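For clarity, chains are labelled A, B, C and D in written order, and residue numbers in each chain start from 1.
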Amino acid sequence: MERSEQVRLLHNMMRVRRMEELCAELYTQEKIRGFLHLYSGEEAVVTGVMSLLKPRDNVMATYRDHAHALLKGVSARVILAEMYGKAEGCCQGRGGSMHLISEKDRFYGGNAIVAAGIPQAVGLALASKRLHEDRHTVCFFGEGAMAEGVFHEAMNMASLWKIPILFCCENNFYAMGTALDRSQAQTNLLKKAEAHNVETASADGMSVLDVLEKTNQALNFVKDKGQPFFLECKTYRFRSHSMFDPDLYRKKVEINKWKERDPIESFKKYLMDEHLIIQSDVLHLEKKVEDEMQDAMEFAERGTLAPVEELEKNLYENDL
Amino acid sequence: MKMTYREALKEGLKTALENDPRVFLIGEDIGAYGGTYAVTKDFLKIYGPEKIMDAPLSEAGFTGIALGAAIGGLRPVVEIMTVNFSLLALDQIINSAAIYRHMSAGQISVPLIIRMTTGGGRQLAAQHSNSFEGWLAHIPGIKILTPGTVEDARSSLHFALKENDPVLIFEHALLLNRSEEVGEKPLLLNPFKALVRKSGDALTVITYGGMLPKCLEAAGESEKVEVIDLRSLRPLDDETIFNSIKKTHRALIVDEGWRSGSLSAEMSARIMENSFYDLDAPVERLCRKEIPVPYARHLEEAAIPGVEDIKNKIQEMLS
Amino acid sequence: MKMTYREALKEGLKTALENDPRVFLIGEDIGAYGGTYAVTKDFLKIYGPEKIMDAPLSEAGFTGIALGAAIGGLRPVVEIMTVNFSLLALDQIINSAAIYRHMSAGQISVPLIIRMTTGGGRQLAAQHSNSFEGWLAHIPGIKILTPGTVEDARSSLHFALKENDPVLIFEHALLLNRSEEVGEKPLLLNPFKALVRKSGDALTVITYGGMLPKCLEAAGESEKVEVIDLRSLRPLDDETIFNSIKKTHRALIVDEGWRSGSLSAEMSARIMENSFYDLDAPVERLCRKEIPVPYARHLEEAAIPGVEDIKNKIQEMLS
Amino acid sequence: MERSEQVRLLHNMMRVRRMEELCAELYTQEKIRGFLHLYSGEEAVVTGVMSLLKPRDNVMATYRDHAHALLKGVSARVILAEMYGKAEGCCQGRGGSMHLISEKDRFYGGNAIVAAGIPQAVGLALASKRLHEDRHTVCFFGEGAMAEGVFHEAMNMASLWKIPILFCCENNFYAMGTALDRSQAQTNLLKKAEAHNVETASADGMSVLDVLEKTNQALNFVKDKGQPFFLECKTYRFRSHSMFDPDLYRKKVEINKWKERDPIESFKKYLMDEHLIIQSDVLHLEKKVEDEMQDAMEFAERGTLAPVEELEKNLYENDL
């Protein structure tokens, strides 16, 4: 891999992290409201996967969606403006944190009903296949979503009908406060995909390079065979489930153990060890990230409120 | 020429499949089986498995897939075999399909069409006999068509395909074998307008779907009874109703659904809000008994309004 | 003493768990997490995993399991985290729980209790802010409680457990932190009776749940405004309403749900049917705007009736 | 196995078959209405499983439920009366063919929503476990039901919470007109149970002895381990899905191939070959079955109609 590409991976992970930490601050300042689910700790997953996607590809994510929106090409400006509830946000303030949608970036959300996006992503992939469009479709979800029946329904049909889609499970071992082994009898998640004859692999979700490599193989499979693929990425969220969550259910030692494997720090160290970057490169990236996020925040601050008169607009294409 | 409601649905589906390459049908047993009510008989042979997708028993899943395909540029027409099974797919319909356009500030269009068989009267008992169309009309973001005539059954899909939003079409099982005289070509009457099916001057009977023929039969030749067919439950065309009541000063709503919190309630409330001073008497409602529909024929008949019940109610209101 | 709505719910649950060995709670994150709204905080430690069952993300599945357990002799209390997720379980509730007693001619009892958090007002946007309680009141075979006061929150479970039929309890998220002066022991007021929360002589305001405090605030000290709390949406205690209207001759229904085909429509229709000649003016309704609730605060506030909206409407109707 | 027990198995299979064939006749005479789903061809499954159950055990079935009701102890009389829509039926005519329920026989139906009964059966088993009742719970469903999400949800929870239940899949290879391999990507059904860490076995559903043996092992496992078990029985329905179904989707040769393995004929032959019965025994059984069914039919014919005044009764325990 090119050095520039590796630096880009680091940069993107840093962007994701910084945006999330900024959101946390803005939430305590009550600039952002509602539910807020942060992605800190899981950056390697989204970064590794997205680095292989093009603007023309389809992505479906969950309520924990800031990172996915950002790396799919939605600017930090419109993301933050959305969370501020401003008219300049990608959904003009109607969606908020859990519902980032940007059709022009083929980023389809942002769905706050766990697992509901999974069949919908299969449908997007079906449309691309039928319309002979050259695009990938990637669907992200947590391991918790795999307990929902509709996960299985969607996997079965994707497999049965040979629909080219990459299912990317962000296995962070918790669904809110419920640990995987307290909610699923079979903790080997690959078995659930195999139950529908879907090809699988598991990646180290704390290593951006491993995620990237496994994603590459997976996408090639999807493209060559025209069939779905299930990729599990084992990762961990460093923060609580949402800003509402007192995080009573995880042991400090467990959290710390995972934090030692911080995907950004470890990748940074790797790049330095390999002499691909030096400290000043890191500082440079940090500055760039900071500038981007400050600019985004100012943009959101400056934003306007969507007029209340338009509240009932867009319920239908032709307003009644 | 004569055409049955079933043939009309068939024609509508074929026309859609033949005129728009983006259209495909998806649902349980629409292909190899030929459709539970034989509406899609032979379609699999004619159009092939890409256009006629026999789905597994996964109502939420295939509705969700159709939803995604609609966003992605196709024009899926889902068949949910019986209205009761739609409960399994309501999350996809209400929490997703109905909100995407508004929540995304107009970015996302969901041209998703869902057809389902509705209604009682065939001794199928409590889990296959509901009339949920009026209840689902509560949900903003979807449109609801309830063809009550062969002509309307013929064109509902045509109009649904013109929408860029989710449209649910409720086809009443008891109408499938009804036949009507129709022209060579469909008349294509805008389905979002209510129609006065029979005019009269002393009582407005408001109804739709499977109850329409019953109301017309009950009204008979009486010059007093006006019968209005709502045709669309969302949006509701209240203008036509209000105008009629200006003339008749009395209204009866006949709805196959349960009474409480139903479409009949909405219609009644709207009439009060808009036509209070036109009314000579309170608006009345005739609905299904508020119980699960029983299997035994005599009990089912007692549970769902029949022609006699409607006749008696009309008589009562006119005297 | 002072007690919050949350504490009242907690007390109700604890009393149930301690007095009846057949009672257990099941739902997502009620245990280790402590309940999304902290209602069941520490319960897992106190009562153990057999009584406090943390369920996987499987709303249909665990509602169905609870249903079976209820038939089998236990007294499950399901928690569905947010009313929107109940759509995933509606098949179990409507196609099974609601019909078993009637369809089996009385053989099967389904003493299933389902609690859920309802309502908007917390900037949670379109998929977490609905008010489906009025809509679900359409379904015969279930009962629906909507505690709007701390005292009612305290005793709703007590009464639900006395029923041998499915009871849905809707707890409004915005009420959780409200506190009221209450006595040592719960008053245990039959929840199936509506209550006049404030009397007045010129306008009856009918409401329930999260809208109750708003209506009371809007009514203020006015001697003209009577405020009735429905408390139960199925069955509906219309007698209390009709009696009030005999006195006031005017009524306004304030309902957080969408307007069309809602509980507000039913209430309005019933008033027309029963109190038509008592009315001096048409019954009016104040409801949520018919759109998915937006995230931005100013838009959400514009979508859901607030105290000012209610005040204005009252003023308008009184002048 | 005792001879008498073997004869009882044959007798029960014959009862099931005869009742179904009688229903078919009564349907064409319009004595029975609505949907009617017959079990002919699958008798070995229900007979093998039920022969090990006691009155105190719980059974949950589907809309194809006559056989299950009969062998769980509901009399042919009240079953037929129910299908006639008579007050003497087990549900006083409110349920009909698809909704046979008899609480006193712990036969819980009779559910016409495919797969809806599966979590409910898990709940029944949970109740028995908690209440320390000594009973088995058996849940029957078709292979088509396994595509429904709630099947997976229920399997996961039964496994996770160690709920003692026997899942009995009647795999007749079709869900209405849709063949298994046209609706499920993974046709090895055991994999779907394994995806939830549930123990499994597969039985020859055309052999009552094989079903019985596998069921015996399964029930022992359930009882000893206090865990669920998934038993697949491969079988075939000789008739169309329901009396509405023109059966356009199955080849004659396929049907005939399975008919050659008729579970009743083959078991009869086996008993004769082993000299356990002779032709006159068979005639005797036929006579007994015929008498039972004629008596049942006459009972149903004589039955009364439930009074319309009671239509709204039993909506709630205390009528409003």
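Simple rule for what comes next: a contact is a pair of C-beta atoms (placed from the backbone, for glycine too) under 8 Å apart; a residue touches a chain by one contact, two chains touch by 3 or more.
Just so you know, these numbers come straight off a predicted model, no measurement behind them.
Participant: According to the touch definition, list the chains common to the neighbour sets of subunit A and subunit B.
Facilitator: Common contact partners of subunit A and subunit B, which must touch each of the two, are C, D.
Participant: Taking CA centroids for every chain, report which one is farthest away from subunit C.
Facilitator: D
Participant: In whole angstrom, how far does the Cα centroid of subunit A sit from the Cα centroid of subunit D?
Facilitator: It comes to 46 Å between the two C-alpha centres.
Participant: Round to the nearest whole Å and give the separation of the Cα centres of subunit A and subunit C.
Facilitator: Going by mean C-alpha positions, subunit A sits 36 Å from subunit C.
Participant: Which integer distance in Å separates the CA centroid of subunit B from that of subunit C?
Facilitator: Measuring from centre to centre gives 30 Å for this pair.
Participant: List the centre-to-centre spacing of subunit C and subunit D in whole Å, with centres computed as mean CA coordinates.
Facilitator: So the centre of subunit C lies 40 Å away from the centre of subunit D.
Participant: Which subunit C residues touch at least two other chains?
Facilitator: Within subunit C, the residues that touch at least two other chains are 55-56, 58, 60-61, 84-85, 88, 91, 95, 102-103, 125-127, 140-141, 290-292, 294.
Participant: Which positions in subunit D are in touch with at least two other chains?
Facilitator: Expected reply: 91, 94-95, 99, 111, 113, 147-150, 153, 156-157, 160, 182-184, 306, 315.
Participant: Using the definition of touching given at the top, classify the network of chains in this structure as line, ring, star, complete or other.
Facilitator: complete
Participant: Hey, which residues of subunit C end up touching subunit B in the complex?
Facilitator: Per the stated touch rule, the residues are 60, 84-85, 87-88, 90-91, 94-95, 98-99, 102-103, 125-127, 134-135, 137-141, 234, 236, 258, 260-266, 268-269, 272-273, 276, 279, 281-285, 290-292, 294.
Participant: Over in the complex, which subunit D residues touch subunit C? Could you list them?
Facilitator: 58, 60, 90-92, 94-95, 99, 101-104, 108-109, 111, 113, 116, 118-128, 130-131, 149-150, 153-154, 156-157, 160-161, 306, 313-317, 320
Participant: Spell out the part of subunit A that touches subunit D in their complex, as residue ranges.
Facilitator: Per the stated touch rule, the residues are 147-153, 156-157, 159-160, 182-186, 191-192, 194-198.
Participant: Which part of subunit C faces subunit D closely enough to touch in the complex?
Facilitator: 22, 24, 50, 53, 55-56, 58, 60-74, 76, 91-92, 95-96, 100-109, 140-141, 143, 163-165, 235
Participant: Over in the complex, which subunit C residues touch subunit A? Could you list them?
Facilitator: 28-29, 31-34, 36, 54-61, 84-85, 88, 122-128, 289-292, 294-299, 302-303
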